[in-house]
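Once you scroll down, you'll see the structures, which are given as structure tokens.
Each of the next two complexes has subunit A plus one other chain: subunit B in the first, subunit C in the second.
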Partner chain A sequence: MKICCEKNELFERLQSIAAITGGGPTTKSILRNCLFVATDKELQIKATDLDVSACLQIERQEVDGKGELALPAARLLSLVREVPGNRIIIEATKDGKGATVCSESGEYSFKLLGESPDEFPEVRGFSGEGALELPRAKFAEMLRRVAVAASRDSSRYQLTGVFCEIEGGLLKMTATDGKRLTTDEMEIDNPASAATSGIIPNRAVDVMVKVLSQGEESVKFALEETEVQMSFDGGEMMAKLVEGTFPEYKSAIPSEVKSEVTADRGQLVAAVRSASLVTDKETEAVIFRFKGKEVAIESKGSDIGESMIRVDVEKEGEDVEIRFNPSYFVDALRTIDTEQVRMEFFGSERPGAIKGELSYRHYLMPLVVN
Partner chain B sequence: MDAFYCSVEELDNPSLKGRPVVVGGTPEGRGVVATANYAARKLGLHSAMPAARAVRLCPKAVFLRPRPERYAEASRQVFSIFEKYTPLVEPLSIDEAFLDVTASRLTGSPGSFDAEGYGAGEAIARELQQKVEAETGGLTCSIGIASNKYLAKIASDLRKPRAIVVVPLGEEEKFLAPLPIQKIWGVGPKMAERLEAIGMKFIGDMQRLGVEPLQRALGEETGEHFWRLCRGVDQRPVVTDQEVKSISQEKTYGEFLDSGDRETIERELFRMSDKVARRLRARELWGRTVQLKARDERFHTVTRSSSLESPTCLVEEIYQAALGLLDDRVDFGDRRIRLLGVGVSGLTSEPRRQLDFFDSGELEQAENIAAISDAVRRKIGDQAILRAKMLERGEEKGPEDDEPDAAVRPPRP
Partner chain C sequence: MSIIQKLPSDIVNRIAAGEVIERPASVIKELVENSIDAGATEILIDLEDGGCKRLTVRDNGCGMDPSDLQMAFESHSTSKLDTAGFREGMFGVGTLGFRGEALPSIGSVAEVEAVSRTPKGEHAYRYRLDGQPPEPAAGEPGTVLEVRNLFSRLPARRKFLRRPATELSHIIQQVTRIALAYPGVSFLVTNMGKRSLDLAACDTLRERLGQILGADKLENLIEVAQPGDENSPHLHGFISAPALRRGDTRMQNFFVNGRWVRDRLFTAALRAAYKGYLIPGKHPLAYLFFEFPAEAVDVNVHPTKSEVRFRNPGLMYPLVYNVVSRALEPEDRSQEAADDSGSDAKAGIEQAALDFFANPPPSARGASTGGSGGSIAGAGWSAAGGTREAVEERRELPEVESPGRVFQLLNSFILVEEEDGILLIDQHALHEKILFEGIYRQLLEGDVVQQKLMVPEILALSVEQAPLLEDGCRLLGACGYEAEPFGEAEVAIRAVPELFEGKRRKSRVAEICQEVFSWLEREGDRYLSDDETPELLEQRLRALASLMACKRAVKAGDRLSPEEIDSLLEHGDLAMDPRNCPHGRPTMVRLSRRELDSSFDRK
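Moving on to the complex of A and B:
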């Protein structure tokens, strides 16, 4: 089997699946491989870690001979990056357990040891019944922005993903690491009959955001009892849902707005970043004092000094004084892409909300002094 | 300093020069080599080698008994030279130190007017190296110049003896790329094995791999940690002796602890964490960085630290962090443990606590309970309230407080 394909396309595919093939220290070596499958009609690249699987098409290619080839994905990715030229040639060795990878001109040639393709676990095809049809780019963007708040702490495993709920014509997404909480929703054109929910694990979200970010087409999305399935132009994906119950987050979201503030997003990001230069590693807190037509952003580092930066704002409601971790605050502002940012405050020991253009909300828990 | 103990010996006894010299161990083959000079190193001798083996490899080597007081004296002399260049000197050991020369300039030495800012580092290093050699009468040192401590340390070890290695600003990654992964701080044999398993041989391999695959292979935090180190990122400041603000507790075990004896190790860490936590509370301090120190039977010492989400004064948090460090970042194989230590730094008297959406005030409650138990222990004695975890099996009394701390235990009325 001999494959000739475009370097950039292959590189992108390998990068998309890197979250699956990376594996942990105990991962079986075959799972660190990606599987090339060539048939008469098409060339696919598959990856699975038994929990998350993906099967992607490689479009611009020429294949000589049918067959399968398993190659170590991370290693292949770094080779593909090095090879010069626009196209890349992968030719299976005679025993089928490896390949030569070379540039089209032949100057660069690597012999890469792989594994027997027979050992590669089966990657099931899409079978999602009653799947939702969702706009691909919008879905990917929503997922990306919500996922920012998902916990990376494995000891809070039920928070290590994006919680999806399908209910009453809406798809809702929520993520939280306890300190911040993001939510967003979109209307569904063809709602499924039964309400369902599930936590899509971070690793799957990473891959989904990468493979879905481009393309105007729709994506088929099936949220089932224990897994989520997706089918889209150019591939399919499947992931086991995180076992466990997502916390009762709705009661944690405050409702009585005390003040509403609008500010220039760029100015605010710059100000908070500057203030964060003068915080102690021990405290990492920046005080926001919203008063009248401005916010005073103050910080203090016991061995460094102090900062005081003023930014003009529009405010309705009470004056507020609240402390946030500056990096969480900046992360939150970065998920918004409007020039002006709107914020809501509910009291100095209640979360603050940073509002996106439509339904996106990014809640941040403040810091308090003991 | 280059082969410090041996160099001091050669200084005091010039006839040793050029001969293989070993400090530590005896010619009869007892004990362990503490330092070997460069002539001995050429013959394959190195520190921590059993003297018996050293004798076999090099029967002609001169074995000297260590003279710690003399080395300390020489060390003080060298450190006093360092202090002429910057007040920011952080001793790392008797013969190693970090110097922050960001704000230093060479003055009074003709021809070095352009030596300012980052470029001054090299000029200062050159002068410092000459001055140390001249003023001590012949002790030589090697210097690494870099934008942070971690890289400076690697650079200083790279081409000993009498070397000056500069890591140009902005070329940190390039500098590290060709070095083997073992050069990374904290990469011991076991970690090296794990990295090699994912195809990492040189630091450059890790740089190309990216953070996510590293995290998957090593775990979230460790992956992130080594991702920073492989790109030369290290933001720890140079801290002088006086500035160090930490509370710590350590214990040397006459009878070494078995690395596999979890129960004992956990109990010891818990007891030390408890002492540290009580001392923090007695001073109304909270700390955010937990350090673990461990030394194995071959005198190999490691210190590891990690930062907590919020500053703490609670035994559980300190203990969990210390245990986590021991499990994830210390690899002694089956070598026994001769010292353990737990410490907390990054102290503050005004802690800011990050609120949590799903936390129901457990931490505040825990701090209240701790304060009450402190009060009871002060009044009735240390044995009044103990955690089961601190007791040995079949033991009814906890450990005696071997280092009474005045702040923790004021004299009884």
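Moving on to the complex of A and C:
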């Protein structure tokens, strides 16, 4: 089997699956490999860690001979990065357990040891019944923004993912690590109007965001009881859902807005970052005093000094004084693309909400001095 | 004839001797104390067989005239109580001896001969306990007491004497104790013609300690002083830095009005004050002198006067604890070092230790300019031997081109290359200490910044822990958590101290809270009491801070990224006292170039 494909395309595919092949510690070394599957019609690259699986098409390719080839994904990715030229040639060795990877001109040539393709676990194809049709890029963007708040702490496993709820004509996503909570929703065409929910694990979300972010077509999305399946132009994906119950978060979301503020996002990011330079390493805290037409951003480091930065804002409602961890605050502002950012406050001990376009909300719990 | 008879005086004396005279060292104690009370500035002790066969104490004190000499050996006679003093009772005696038991007691259990001459006397007088009056003899001003064949008339007691070498060591210990209290007096002990202890008169306790411990130990001693007032005694002396420690408490010496005493209270106070600086089983050295107004202390509760009773015992523990704790804090140490210009070496070491973290090696700051100054000499009290010498020697050694390379070893230690050696840091211990200081400071100051939680974390307690629900929530509250009972056996945590959170740090809320409950289960009785004294509160906060620091710190075996290592070293630089972890283990070990060279036989 000999494959000749576009370097950039291969690189992109390998990057997309890196979250799967580079996952947690495993005793099954085959899972560190990606599997090339060449048939008469197409060339696929597959990866699985038994929880999350992906199967992606490589479009611009020429294949000589059918067969399968398992190669270590991370190593292949770094080789592909180094090889010059636009195209890459991968040729399986005779025993089928390795390959020669070389540049089109033949100046660069690597011999890469792989594993027997027979050991590669089966990756099931898409079988989602009653799948929803969702706009691909919009869905990926929504996932990306919401996933920012998902916990990375494996001890709270039920928070280590994005909670998806489908209810009537609405798809809702929520994530929280306990200190911040993101939520967004989109209207969907849900003819079966089945209500389901599930937590998509972080690792799957990473892959989904990567593979779905390009392309205008739609994605078929099936949220089943224990897994999520997707089919899209150029591939398929599936992932086991996180077992566990997502906490009852709705009551934590405040409702009575006390003040609403609009500010220049870039200015605000710069100001908060500057203020964070003068906070204690161990206890970062920045005070925001929204008063009249400006916000005074203050910080104080016990061994460092103090800062005071003023930024113009437009405010409706009461004056607010509230403390946030500056890095969470900046993270939240960065998930927004608009020039202006709108914020809602509900009191100094209630979460603050940073609003994106449409329905995206990033709630941030304040710090309080006890 | 009445059944009850008065004991003959020689029997009384022997009974008294049994209380006071246990071994040659007790004789020495009595005689040397007499010499000091006589104003001697020079005391010579000569022994045969560790004093079992013969011991002679010669002094240059005020001496005795013939009548005093004779009186001295009569029971309960003393020169140290005038009638007025006696009327006030035995409180108020400012001299070492006074019970008037010593000489008669010794005389009853050994052969004693005294030769004494007053400064004005034309010659000395000799007196033996044989009923004969003192006879003229040759002799310098002062007193010579010779005691032979101790316990020869009491075979039962003689059996208890140990080998001469053992008895000698007891004598040395005894003389040393007295010598510490009287630096102005010179002491010479010879046994079988060989010098066993030679202490020249000196001006300060510090010099005397140098004579006794060796000058190299001085830099590891911390001077303490606390002026007294009408209620509390004047306290002064030295304690050892944590690097200088022993496996027992024998080097802990307490003196009340110049008299060496034994008191568990002091030992306990020291132990409490060193908590966090020394691991259990290791003890500091201490030489603490308490000066009371004479009437505030009763020394007559024990025949050898090695125990005393204080009029106000409740004051003593906090006094020692507070003075010692304060002295162990590094700011105090640097201040003290600055004040004490007479001790350059000590100041140098301490400053070097503090400087290390004020000017960490270049890599710790991410800069690469190396090779300025010797500020990283001696990052700790330990390994401090002869710094000045080391500084001079270093100039001759080839300069390390760019010191400050940093490595992680065995996923547990950090190796820092220094200009004149290497520093090995225990990553867990140092991180733990840094966290401990931050946590403790915040808990103490009470302005804990809390991160509110969007959704509470629920912690389930075990059956055994359930009864501790309320107490545990209260303690968690003191640690900056917002925790409240949630049903019968669950805790809802609604806010966590920001100190433990930070964005990139792994949250271990449930784990830490669980740890607090386990700790409460184990040690709650010790730290919870209806009577919440400031000391108890402080100790509790320390214990909690230490517990949480331990949980949050990186562990041995954790692989650290270069950024994490840099951050650890940088934080170490901010820590007040990075040298010991909260459990008292050292956080770092320094190997100087000299030590490395000598390990390879390069010198």
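For this structure, a couple of remarks:
The working rule: the second predicted complex is superposed on the first by the 366 of 370 C-alpha atoms of A that agree within 3 Å, B and C clash if a C-alpha of one lies under 4 Å from a C-alpha of the other, contacts with A are read in each partner's own complex, and residues count from 1 in each chain.
Criterion: a contact is a pair of C-beta atoms (placed from the backbone, for glycine too) under 8 Å apart; a residue touches a chain by one contact, two chains touch by 3 or more.
Quantities reported herein were computed from a predicted structural model and do not represent experimental measurements.
After superposition onto subunit A, the modelled positions of subunit B and subunit C overlap sterically. In the superposition on chain A, contact is made by A:S327 with subunit C only, not with subunit B. When the two structures are aligned on the shared chain, A:P247 is found in touch with subunit B and with subunit C. Once the two complexes are laid over each other on the shared chain, residue contacts for A:G292 go to neither subunit B nor subunit C. In the superposition on chain A, contact of A:L367 is made with both subunit B and subunit C.
Using the contact criterion defined above for the overlaid structures, shared-chain residue A:G106 touches neither subunit B nor subunit C, since it reaches no partner.
In the superposition on chain A, A:K179 makes contact with both subunit B and subunit C. Clashing C-alpha atoms with subunit B appear in a single stretch of subunit C, chosen from 273-281, 291-299 or 327-335: 273-281. In the superposition on the C-alpha atoms of chain A, the part of subunit A touched by subunit B in one complex and by subunit C in the other spans residues 153, 176, 178-179, 181, 247, 249, 252, 281-285, 303, 323, 325, 349, 351, 363, 365-370. Against subunit A, the residues of subunit C that register as touching in their complex are 438, 442, 446-455, 457, 480, 482, 495, 498-499, 501-503, 506-511, 571, 574.
Subunit A meets subunit B in the complex at residues 18-19, 22-25, 32, 72, 74-75, 78, 81, 152-154, 176, 178-179, 181, 206, 247, 249, 252, 280-285, 302-303, 323, 325, 349, 351, 363, 365-370. Here subunit A touches subunit C in the complex through residues 151, 153, 155-156, 176-181, 247-249, 252, 281-285, 303, 323, 325, 327-328, 331, 349, 351, 363, 365-370, going by the rule given at the top.
Within the complex formed with subunit A, the residues of subunit B that make contact are 194, 197-199, 205, 208-210, 212-213, 215-220, 243, 286-289, 307, 309, 311, 346-348, 350-359.
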